[in-house]
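Before any comments, here is the structure.
We just call them A, B, C, D, E, F, G and H in the order they show up, numbering each chain from 1.
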Amino acid sequence: MKSIEEGDFFEIAGRRFRSRLLVGTGKYKDFDETARAIEASGAEIVTVAVRRVNLSDPVQPMLTDFVDPKKYTYLPNTAGCYTADDAVRTLRLAREAGGWKLVKLEVLGDQKTLYPDVVETLKASEALIKDGFDVMVYTSDDPIIANALEEIGCCAIMPLAAPIGSGLGIQNPVNIRLIVEQSNVPVLVDAGVGTASDASIAMELGCDGVLMNTAIAAAKDPVAMARAMRLAVEAGRLAYMAGRMPRKLYADPSSPVGGLI
Amino acid sequence: MKSIEEGDFFEIAGRRFRSRLLVGTGKYKDFDETARAIEASGAEIVTVAVRRVNLSDPVQPMLTDFVDPKKYTYLPNTAGCYTADDAVRTLRLAREAGGWKLVKLEVLGDQKTLYPDVVETLKASEALIKDGFDVMVYTSDDPIIANALEEIGCCAIMPLAAPIGSGLGIQNPVNIRLIVEQSNVPVLVDAGVGTASDASIAMELGCDGVLMNTAIAAAKDPVAMARAMRLAVEAGRLAYMAGRMPRKLYADPSSPVGGLI
Amino acid sequence: MKSIEEGDFFEIAGRRFRSRLLVGTGKYKDFDETARAIEASGAEIVTVAVRRVNLSDPVQPMLTDFVDPKKYTYLPNTAGCYTADDAVRTLRLAREAGGWKLVKLEVLGDQKTLYPDVVETLKASEALIKDGFDVMVYTSDDPIIANALEEIGCCAIMPLAAPIGSGLGIQNPVNIRLIVEQSNVPVLVDAGVGTASDASIAMELGCDGVLMNTAIAAAKDPVAMARAMRLAVEAGRLAYMAGRMPRKLYADPSSPVGGLI
Amino acid sequence: MKSIEEGDFFEIAGRRFRSRLLVGTGKYKDFDETARAIEASGAEIVTVAVRRVNLSDPVQPMLTDFVDPKKYTYLPNTAGCYTADDAVRTLRLAREAGGWKLVKLEVLGDQKTLYPDVVETLKASEALIKDGFDVMVYTSDDPIIANALEEIGCCAIMPLAAPIGSGLGIQNPVNIRLIVEQSNVPVLVDAGVGTASDASIAMELGCDGVLMNTAIAAAKDPVAMARAMRLAVEAGRLAYMAGRMPRKLYADPSSPVGGLI
Amino acid sequence: MQSMQVTVNGESRVLTGALTLEDLLRDFGVDQRKVAVERNLEIVPKSTFGTVMIEDGDRLEVVHFIGGG
Amino acid sequence: MQSMQVTVNGESRVLTGALTLEDLLRDFGVDQRKVAVERNLEIVPKSTFGTVMIEDGDRLEVVHFIGGG
Amino acid sequence: MQSMQVTVNGESRVLTGALTLEDLLRDFGVDQRKVAVERNLEIVPKSTFGTVMIEDGDRLEVVHFIGGG
Amino acid sequence: MQSMQVTVNGESRVLTGALTLEDLLRDFGVDQRKVAVERNLEIVPKSTFGTVMIEDGDRLEVVHFIGGG
């Protein structure tokens, strides 16, 4: 079985990636902490938001000065967009600014839950894919919607574990497994992971990767948590590939019974 | 915060160990697989059983030929002992055979559950400690018993996550946390871990380490699972030291709301 | 606080119901068992399917001979419909056959998961409500979709606990609570309840009722399970209204400490 | 299958009881609320504490004036006792005061967890049984200890669900089921139940009954919660006797597929 | 007397002579109070069972309630 | 009439004159049917309340049932 | 020299003289390599920053990447 | 030369002639460095393998380490 060293990678829209941990660049104390945490996470793909330049202070330090787009694959997101149109506009700007077409689509339903609006998400996916984007789509853990998004042409399905920034971990392992089993494109759990074991559980369910932001940024020591998450994703992947032991209701001795004095 | 590289270690009976994963040497297909899995696990301490030499075939290959006692700290166990006396006899033999006094005491209550008999365990602990042993004691997740074992002088408390060989993971996180909080000696979860995330959860509860055998040996690919467990224990430890984010019932946006087009 | 005896009821489309347990009439051994189980459940609303009459044997016993539509409110469902059009056709026939306009809409996505197709469900809801139906809609536990269905005019939102016939109980309590908190129409958990405690948990989350079929029909003794479910729904409702005690990490003595000898 | 009406009872020390809910009489606002809650719970057995009479105000209202010992079986407990001797002294006084020999033995280990001290509990059980008491023993969820207590002659084994007053519900269903399967005397979950579904879960695991105090007394409306618990215990018992449906990973349609238009 | 070819519940049948939907149902032994009928994708109100004439090529669905989740 | 020094429920008290346990309880206004008494770590059977004489230095515990978990 | 009234990032501004988008960005001190511009809901290709003339009433959005989840 | 009857690892064996524990182990082909021996419930220090004489009726346990959880 190929392991990380021997090139266990996964492919999104024709591009190969070694790290199955994707990290957001929001919520950090400052850009310096952002850079150190991203570095420690071993992530190759980082999500970024698209926002207006602050014209009154245009030369304030910028994310790109700390997290080099040549070293990391920037994955522009549509956080804050509540309609398909907003999402498409935002990503077109992002494509022009960054020059890439691999994007993260997230069209949210409401402020309190930040739950995806799957109807608008379907619409936006269609529009973006027609417009040549490679769409990694943030969605609910609804297997029917996940399937529809794949059929529209999304290059990765990213069901939530729990609401964004809630840190509650995977609430519905049954649905995540259904989505993994039915999908022919990478499935990444995005949003709701709170600690290392949550990330491992996602990988043990067969996910191809995990995307997170708050769990690292909001830890007391983000850099340490970034390293923890890196190891956790690799651990979960390896455990999944290794094929875990069966669960048994009763015990099973680990030492031979024979030969006792 | 010190991390693995910078020497995050833990101490048992005055000896320092870097790896917080302790692995059993039972249930593998053969000695070769045992050696490769132990090697991949990064474990420094391995548990071994004490059994009669097979006199009809005394020169059959032996564990020590594959898992070098000079490289790994052998931790003789008392698996298969159901009384304090048996346990003490066995460990005296082990001490004579191996020359060390660091041992794993496990006095079991019955065949089906392999649950520890805490009364006999208390008795055996007392006898062994009087006899100069450093006792790492396998026990239930009863915080009163755990405390009593510590007061008797055990050098490490090893509550079970779930029955030996059940692979059910930590059944009672509340009790494990109570034991961790009250103990001044290392606390290691022993028995019942089934996959990587179980190991991380144990470390995220504040345990100093995890001891397992079946989860690695009974995986379809034990060597890969051994590496998964190595990473999982480190990931859980780091996540614990990093201080996880708070759990929230509602969402919390990871991208700034301001500056939206 | 009003309790069952003092008339704790809930309202669907202007009609009051005392029992918060709604039961399906499928999967029973025979019509006799169906009748006895429904009777034991105390349900006032029963779901029924709409199927072609078997013309080669038109006078075989019929559900209506055993479960009297005058005693129970028949709630025709659209089980087996995979598009909005099929659902609307089926319910128009049902309305003509039964003369009522209170219906259960379920438009499924696929055979394996029987997960609702929320897009088709939204479409069908709109068409049915325009056509004067009172729509109790089976949906996923997506709070955005649940909200959209309420805004379209559905008279009750019925999120699934877990896939139909899986008996896995509520997989995502977080989402069920979000839906309960945001809804101004009754919220009933439908599908996936497996045993009494599952039903109580649904009510303890604030649901107005529970709809189930397999959990009763597939029990070894359906009539006993029907009575268990009746009690469980009432128990959960009462516990919810009573306001449960706070969860505490440490203990709190139930007997006064003072006055000890 | 016999149900409550047709005489489903359980036997403790030769005496038959219909209600499987046993309730504590501590923590209520006042005696009046205690009486109403006990009455609503349908309990036949109530636990009481043994304390010094307040000689400066000997005629203050007494529990017995509100909860009539002729109507309810008083079960004196040894709450607050930390040694076997204290427990025996207390229960001898109780026997003299009440004239009964059915008692609840609880010997606690420490203030913070109120976890039972199983070693002292074993000792006290032996002494009490020799002295003619019928001992219902509060213990941990350790199946070996539970078995030992049964062999000593305890007439009922009462493992905790979670720490007293924590309201956390059953933390270790695996162990509770092991204890139920091995025991030939009634097994009652005692301590840690927080809401109705917790009580049902205990009964669904095969327990003969549930003993609680805080979950009722600390609810916002104790009388309503008492009724909820009564129904929940009956519901759980019935569900257990009815034989729940099997859990399935995938869906299983509740309506026949055939005969679709 | 011409014969008519109709489809009832997915099965094609040959009918002879003019007959109302009510006649058809009676011939099939179906209790018209407990069924609903769709004729060429149109619901046939129960009140008109006696007046609606079956025509060649009609596609009829005769349904009733059965047990369902 | 000598006075006696006894401890009742942990509090030391001075009593005068010979009195039975029953007298003592009555003086305290305690309903003897609802209590149990331990005297110098020995249970005093209710039937003997009337005959047991309080002696100097006695350690008495007078208990009853109160609400408990 | 007429003055123009445009909206840039939601704020209305008065500009004087003819200027290209490149001039405007330079005036604002913005590094044009790190931004993208939308003019009246149309994306302005970076290659044309130097040739696109700002016109009265233009609605401009000048965006860049910041940290986000 | 008298013969001795001993039990080794639970099996009774007949041995002839005087022999030390070291001899016995060598006869069995056992590598004495990797084993521990208990004689009549007493641990035999490795250093004394060469001097301890096997006696009639001895109960010997010869153990070593094997894989275990």
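Rule of thumb we're sticking to: a residue touches a chain if its C-beta (ideal position, glycine included) is under 8 Å from a C-beta of that chain, and two chains touch if they have at least 3 such contacts.
Not measured: the values here are computed from a predicted model.
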item	value
Length of the shortest touching-chain route, subunit D through to subunit E	1
Target subunit G, source subunit F, minimum contact steps	3
Option in C-F, A-G or D-F whose residue-number contact pairs overlap D-E by over half	C-F
Cα-centroid distance, subunit A relative to subunit H, in whole angstrom	63
Whole-Å gap separating subunit B and subunit F, where each centre is the average of the chain's CA atoms	57
Subunit B and subunit C, separation of their C-alpha mean positions in angstrom	47
Subunit F residues counted as touching two or more neighbouring chains	38, 61, 63, 66-69
Contacts with two or more other chains, residues of subunit A listed in rising order	24, 26-27, 49-52, 77, 79, 89, 93, 112-113, 115, 163-166, 168, 174, 178, 213-214, 249-250, 253-256, 259, 261
Subunit E residues touching subunit D - in the complex, by the definition given at the top	38, 61, 63, 66-69
Subunit A-facing residues of subunit C, complex	109-110, 112-113, 115-119, 122, 140-145, 147-148, 162-163, 166, 168, 171-175, 178
Interfacial residue positions of subunit C with respect to subunit F in the complex	253-256, 259, 261
Sites on subunit A touched by subunit G in the complex	24-28, 31, 34, 47-53, 55, 58-59, 62-64, 69, 74, 76-77, 79, 89, 92-98, 164-165, 191, 213-214
Touch list for subunit A against partner subunit B, complex	1, 3, 24, 26-27, 49-52, 54, 77, 79-81, 86, 89-90, 93, 112-115, 163-168, 194-197, 199-201, 204, 213-215, 217-222, 224-225, 227-232, 234-239, 241-261
